[in-house]
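Have a look at these structures, which come just after this line.
In the two complexes that follow, chain A is the common piece, with chain B as its partner first and chain C second.
Presenting the complex of A and B:
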């Protein structure tokens, strides 16, 4: 039964979604199932939090290397959750709202933005060290990259007015052709995998049952 | 070690320092480089221009602080334009960080009394569940978001009156930096319901969005910070994106210069006889 019940549930859920795609309007079972999915997804956030506490709590207790980072994460997890719950529970109290927004604006956002911005340094260094015309394919990629970069930056238009035109052609024709091929291939692959899950042939999601 | 060998092994900190200089300089002293408008931005702007006061627009904020430098200026510029036109805005998000961006945008207008919460604007908050949540919301907006970010009933809000599914919004705009995003909106909502969909995207997501634009499923596309800058200039309110374009231009030039110098050093080094390399 450990095998049959999950397979039957997967089949039922999949069939409801499939029927919905071929039915005009709202197919009632799909509407209900979608609400369940939203609730389950919300629970997954809770499970992820418990997992974080387990892993990083163990790091702190056993004083593993970098334990202070784990400690910071746990402090922020608790603080953010507490302020968020208070904000939601007492919407008329302005302090919680301001505190939550400030947590977000001044604690969460800057490090996240910095992490992304640091990529610029790696890109500039990598472009110097690794982006070499070692083969015909690499040379085509290199030329295309330079033209697209010049086409997308205002300074490229000043250098040669045709850069944006060539850049657009590369994006709209060469790139889109490849993207379409990838999308169609991925869609066919997705369809086949879904069919295998529905028929119980693919059981990886059941945890090796 | 020859000169070209040394050039190949240049200290990366020199490149980092150069990047800081070329990006910081135009931010301190703007160069004012001219900016042309791309077709996708013009189509986006035209769709917004067609809206009338009182029309309703849904904005889906599907990005995180890491991509905000590229996308958030788009959201700010478009929201400002919509508010100036008297269009009502409902914000929703399928990324957990999204609702706070909506708060950042709405708050100054709510504080000044320019907008009334629940009538002119609403923050429907974060809906977990990725593609399935987008589908669910697309087909049943109020049922999928019965409470707003602060726990208030959305069904009783004037802005949500008459909204059953996403077709009841005059335009749906997705500001996106990854998945779930453009593909999910097109596949789950635009295809089945035929909504009027516009997209603002981080620049690295643009290639993946172009097939949808060419197919007419996405009617307009803002491409990264440049898209935001173009929109700011079109709507007559130059802001942070337009100011950042000079920095981006010089950054691109540095990277192109790095590629060229790196390749020259590579080929010159290869050309030299081995005994000269000692």
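Presenting the complex of A and C:
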């Protein structure tokens, strides 16, 4: 039962989705299942938070190294959740809306943006080491990257007027061709994996039962 | 310089993440933890909103008893924390992954496989069209691992590999440009909104 029921549920859910694709209009069980998926996913988000509370709560209680960081994480988690719950529970109260938006705009978004931004430095330094033109393939990659960057930056056009044209061709023709080949390959792989999940041959997501 | 406390919080948090460029330090680690807490809190708030709107209101307000099932399934996911009944958490996971697989079987195949193959059936009347048709074939041949690539097939596959290198180079260039844009936005926030050194 521990093995068969999850496989049967996977199959049933997959078949409902699949039938919808081949029926005109909205297939009622699929509409219902989509709502169920949102609800179940919402509960799943809580699992991650429970894990965070367990790990960081233990850090704080046993005063491990860096416990203050864990404490700050928990405070932030509780504060943001509380403000969010109040915002959605009392939509007519403007204070909660403003506070939630400020939490999002000034506490959550800026560090995320900077984290993505500083990757530029690390990608550049990593590429300096990785892109040394040691082979023809590496050279082609390096040249394509440099031409695209020069084509997009205003200074590229000042150096050579053809840079934007070549960059545009690389983006629209060469890149599309390569991406298309990758997409077709990945789609075939995705099709096979999906079929394996539906037929119960792929069970890694169920804890390898 | 801004006098808004929210702007100061924003500036200090951004500075904390930027400080990682020097080396990993306690300030960075603290900001990192605050960010993770905020992101988890945001996710929980959204989850709460979804549960209330999609499950609780239909169940309690509209009396749709069927919504008890996804609620129970959602709660079953937490069984993973109780060892004797941890296997129960597989049920909601099975439904979610099965639905995803069923969706991908048609949706992703249709948009990624069929649509891309159709888009590549081009009239061979220009250099670009010939390049795209032959290029996609070459990339596909490069991905053909089920038999040895010898003779002309090997050369064709090498062409595909070269095209893939161009694709990766273009993607890399795009990523760098995107990150630089983000960096400029972050610097504008620090030097403009917070410190008021530059005008926005």
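Heads up, the rule we're going with is that the second predicted complex is superposed on the first by the 200 of 209 C-alpha atoms of A that agree within 3 Å, B and C clash if a C-alpha of one lies under 4 Å from a C-alpha of the other, contacts with A are read in each partner's own complex, and residues count from 1 in each chain.
Everything below uses one rule, namely that contacts are C-beta pairs under 8 Å (C-beta built on N, C-alpha and C of every residue); 3 or more make two chains touch, one makes a residue touch a chain.
Every value quoted in this text rests on a predicted model; they were computed, and no experiment measured them.
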Touching partner for A:154 - first (chain B), second (chain C), both, neither: first
Touched partner set for A:5, first chain B, second chain C, both or neither: second
Which superposed partner A:129 touches (first chain B, second chain C, both, neither): first
First (chain B), second (chain C), both or neither touched by A:117: both
Partner chain in contact with A:146 - chain B first, chain C second, else both or neither: both
Touched partner set for A:62, first chain B, second chain C, both or neither: neither
Partner, of chain C and chain B, that touches more residues belonging to chain A: C
Shared contact residues on chain A - chain B and chain C: 21, 35, 37-38, 40-42, 44-45, 87-88, 104-105, 108, 110, 112-113, 115-117, 120-121, 123-124, 127, 142, 145-146, 149, 152-153, 171, 175-176, 179-180, 183
Residues of chain A defined as touching chain B within the complex: 21, 26, 31, 34-35, 37-38, 40-42, 44-45, 87-88, 91, 101, 104-105, 108-110, 112-113, 115-117, 120-121, 123-125, 127-129, 131-133, 142, 145-146, 149-150, 152-158, 164, 168, 171-172, 175-176, 179-180, 183
Chain C residues touching chain A - in the complex, by the definition given at the top: 6-7, 9-10, 13-14, 16-18, 20-21, 29-52, 54-55, 66-67, 69-71, 73-75, 77-78, 80-81, 87, 90-110, 112-113, 116-117, 119-120, 128, 131-132, 135-136, 138-140, 142-143, 160-177, 179-180, 182-183, 185-186, 189
In the complex with chain C, residue positions of chain A that touch it: 2, 5-7, 9-18, 21-22, 32-33, 35-50, 52, 66, 68-70, 72-81, 83-85, 87-89, 100, 102-108, 110-121, 123-124, 127, 136-138, 140-149, 152-153, 170-171, 173-188, 190-191, 193-195, 197-198, 205-207, 209
Contacting residues of chain B [partner chain A, same complex]: 8, 10, 12, 15-16, 18-19, 23, 33-36, 38-39, 64-69, 96-97, 100, 103-104, 107, 127-130, 132-133, 135-136, 139-140, 143-144, 150-152, 192, 203, 206-208, 210-211, 214, 223-224, 226, 245-246, 248-256, 258-259, 261-263, 266-267
